[in-house]
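The chains carry the letters A, B, C and D, assigned in the order they are written, with residues numbered from 1 in each.
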Amino acid sequence: MGRVIIPEIEAILDKEFKVLDHGYVILVDYMGGDESIIQAARVSYGKGTKKLSDDRGLIRYLMRHDHTTPFEMVELKFHCKLPIFVAREWIRHRTANVNEYSLRYSEPEGDFYIPEAGQIGFQSKDNKQGRSLQEVPEELKAKVQRYMKEISEEAFKKYQELNQAGIAREMARMLLPVNLYTRWYWKIDLHNLFHFLRLRIDPRAQYEIRVYAEVMAEITKKIAPLAYEAFEDYKLSSITLSKLEVEALDTVLEGENVDEVCENVGFRKGRELNEFKEKLEILLKKEKKLVS
Amino acid sequence: MGRVIIPEIEAILDKEFKVLDHGYVILVDYMGGDESIIQAARVSYGKGTKKLSDDRGLIRYLMRHDHTTPFEMVELKFHCKLPIFVAREWIRHRTANVNEYSLRYSEPEGDFYIPEAGQIGFQSKDNKQGRSLQEVPEELKAKVQRYMKEISEEAFKKYQELNQAGIAREMARMLLPVNLYTRWYWKIDLHNLFHFLRLRIDPRAQYEIRVYAEVMAEITKKIAPLAYEAFEDYKLSSITLSKLEVEALDTVLEGENVDEVCENVGFRKGRELNEFKEKLEILLKKEKKLVS
Amino acid sequence: MGRVIIPEIEAILDKEFKVLDHGYVILVDYMGGDESIIQAARVSYGKGTKKLSDDRGLIRYLMRHDHTTPFEMVELKFHCKLPIFVAREWIRHRTANVNEYSLRYSEPEGDFYIPEAGQIGFQSKDNKQGRSLQEVPEELKAKVQRYMKEISEEAFKKYQELNQAGIAREMARMLLPVNLYTRWYWKIDLHNLFHFLRLRIDPRAQYEIRVYAEVMAEITKKIAPLAYEAFEDYKLSSITLSKLEVEALDTVLEGENVDEVCENVGFRKGRELNEFKEKLEILLKKEKKLVS
Amino acid sequence: MGRVIIPEIEAILDKEFKVLDHGYVILVDYMGGDESIIQAARVSYGKGTKKLSDDRGLIRYLMRHDHTTPFEMVELKFHCKLPIFVAREWIRHRTANVNEYSLRYSEPEGDFYIPEAGQIGFQSKDNKQGRSLQEVPEELKAKVQRYMKEISEEAFKKYQELNQAGIAREMARMLLPVNLYTRWYWKIDLHNLFHFLRLRIDPRAQYEIRVYAEVMAEITKKIAPLAYEAFEDYKLSSITLSKLEVEALDTVLEGENVDEVCENVGFRKGRELNEFKEKLEILLKKEKKLVS
């Protein structure tokens, strides 16, 4: 079959896609595409795949049934510039290869992330981990930005002074804040990249990592369009109903009040019920009469 | 907090649970249980978890939102005896620690798996990988068993003869069939065990590995009952609707014929449609009129 | 065989071992010990191990020949408190399970690492990543400490102010420096722990991570004394001569000058030669005449 | 920098390299080469690498000090045909991506490995896992081959008969011997490939897997010649002396008898002593007087 060359991708190799104020994502190299998934699947499922007449059908089948290994046959390598606090979340995805800029060997390059006013938000009340973007007064937004700049500049100035004085880099760096930008090469296979994207494109992911995931998703779409479509259909935009929710749905469709229902099937009134209602809204949008 | 000791489990440590004709599963050791999941989650989510008033609610929340790392804090170690062809599927779960009986170092112990008549089936027509248990004539069943016995005995006899003659074990073993039993220690964390169980308890999994998974599921249920309940609710018995299926559901609920629907939303007539219909049957059991 | 209980270890479970100014290492739980390594090895090597009459001999054999899987059968779980910059190096060891305190969910606990004067050093000249502990004037040491304290206090004050004003935690935390302490549960098997220890006990590792590794090494020694002894003998304190160095040694033993030798065999004058000389000093300590 | 294209490798992409009687190794795709290792290392070690004037020096430094992550930036994908018993050893290397021909989906292709007469050996006496190639009488060799052929043919005939009769493939395959050939795609990064090669090129590895490793080593040498040279020098052909052996060497160089020495330093008379003597022979070849 030979190696997979995707002209649309060759055109963007080594191209810098800007993210946040000083960050970027660059696709440095890739190996394979939709064809490699098909190739690998056909060795596994052999004659069994003959009747799946087309590639799209086979890729959808693999995605639907969590036959994940063929997706591992595609590999992508990125060069990213990102704030340390983003890198700290990102690195938790262990099934990837990483080479990061080291502050033991080198001085920091000196860029710090300062959020745009539009991204500054209050602590979300119903989402313990997130922010709400409403209502922050302009002056408070300005203060957030000013504080970040002050600490960044002060810390960098002190770093440089200690560095000039000959203090070890591994030591001087201890006072640098986590909005400092770092850089790395990050290489991952498509299956694990999909897992990363699913968690990091999610609205509950922190904005500052989500924007990286979104750029990478666009690139991935071009490398393996059929796989990405299947990923979007079955993973990103799918709805999962738990066993208890399936039972509850049944009663709801029979006309019973949804708030009464949850206790009977055994789930909790607060968060679980709210999440179930959100699903119902999507599932039964034309059947609102049943739900309300 | 100290270590987690579960009396119900202490009682079955080192106990042999029979599987198939000569196989077994033994729980050799374990580390942690529901409490360890809670403990780990509380360090991650800190004050954020205070309002999740009880442990069950927290564990359900973790499972529902794929916060998988707290489940990795529980570890189980099994000693299993299983046919080589089962071991070959099993070993594909890479995130585990394994020590297997080696035929380079030792002679085979000499047990071979011969399926019970009740498990002998024809190739399934709609499931390329499975068997259908209907209608195999008794004499064909007997032939299957006889053939397996003949090859097993003949191969073992020849092995022993070559072994007696001093031929290297790593060489003589080459003629042994894959129904030979092997043994191993297999150690895995709870998150990865759940993943294994989800794939191997599934009706599409081969019977001969499913029976092992079922025994291990029972043991797991005792080690971490809350986690297992959440796993069953959100993973094992949940139903996932793809983006296209959500669209299709909408039209079906409006009364449109399900066979017409699928083309409009963009999925294929064969397998995909059938799987969608199966889901509809479960979801709308009381609403059959809409579907039929 | 039943589970392994090591009285000496039971006594230190949940005990806090202090590290640095505010950090600690706690052994929370463990599974297995030397016996579990033996147990797993005997299933792999079966009758082949009979002649290795004792456990110590078998464990040494496993370590010497990189039969690493039996060591994976032992599992350890730690609770650690450590500065973020240490956590960033530590997390690079991917084969472990981690649950870390999250600054998206919770406020920082407010401890910052300030190095002791005795640990403050200049950038090492011959080791690009390290520090030299000689000669830093007292007043420069004091300045390093003062700068760290100033940035820590200033950043924490600003964090608290933004937090009071209701700014999202995931946002306010961006200005915190990497000497802030975090906490995590960290679970790993013995083979991968040895790998971690080998890299982090090394004199080239940064002091602030080395002190954690040293405490964990002491604990490990008690959990699996025979394995630790073998690890120390074959990995930690062993000397590896490259193919080129073996050739060079030959000429050196014949009396040739070591500086002349390296060019002939093909390695470089700078670092490589110096490292070779260091090895020679250890290997031929009583044969100095040959070397000098 | 753009993607790495290695003309010598492009010429052998998709080329079948024969191994054993029916097996092969095909390089299907690759990503990166020596340049990618350098690229990744320079981001990690930044200005720290400036003084390592050339690429060879830097790659040797990385290999010598186990800075393994830059080697993970190169990826290779192979298509292999290999006997099941070889696949069973091979798959133990977990850090790789695999898609294997499935006997649940497809019928076996029908090739079985029959060893050449020259490879048939007796059980080795001093190596519990290996074979000795001396002295096997011709007629015994012929018998080994005949037995393998008989079982292979008989099993395959019975398989086909059951298959014709409609018995499920996942069931009929249970009687096939482990010398049946299977096929797979196997993708791995260079660091983990080196680990695989180190263990499988070793004379103690079984011949039937070693021949695959040797072909792959030749291919790897072309993809990353500098990295391979460093791997050979520092890993493949290096000699490691344990702490106890370093002590023993000292006394040996002073003229003491090697057999007396080992007891003093604390290692065992049998295997450990013999392995030490083998190392001495290599290290001190020109200094035999000292040893004997």
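FYI, contacts are C-beta pairs under 8 Å (C-beta built on N, C-alpha and C of every residue); 3 or more make two chains touch, one makes a residue touch a chain.
Quick caveat: nothing in here was measured; it's all calculated off a predicted structure.
Of all chains, the one whose Cα centroid sits at the greatest distance from that of chain B is C. C-beta contact counts were set side by side for A-B and B-D; B-D has more. Taking each chain's centre as the average of its CA atoms, chain B and chain D sit 31 Å apart. Rounded to a whole number, the gap between the C-alpha centres of chain A and chain D is 37 angstrom.
Between chain A and chain B, the centres computed from C-alpha atoms are 29 Å apart. Counting partner chains per residue, chain C shows two or more touched chains at residues 45, 48, 69, 92, 98, 102, 105, 128-129.
Chain contacts here are complete: no pair of chains fails to touch. Against chain A, the residues of chain B that register as touching in their complex are 45, 48, 51, 57, 60-61, 64-66, 69, 92, 128-129, 199, 204, 232-234, 236-246, 249-250, 253-254, 267-268, 271-272, 275, 282-287. Residues of chain D that touch chain B in their complex: 83-85, 87-88, 91-92, 94-95, 98, 102-105, 113, 115, 120-124, 128-132, 136, 140, 143-144, 147-148, 150-152, 154-155, 158, 161-162, 165-179, 206. The touching residues of chain B, when paired with chain C in their complex, are 1-4, 13-14, 28-32, 36, 39-41, 43-49, 69-70, 72-73, 75, 77, 79, 97-102, 105-107, 183-185, 187, 189.
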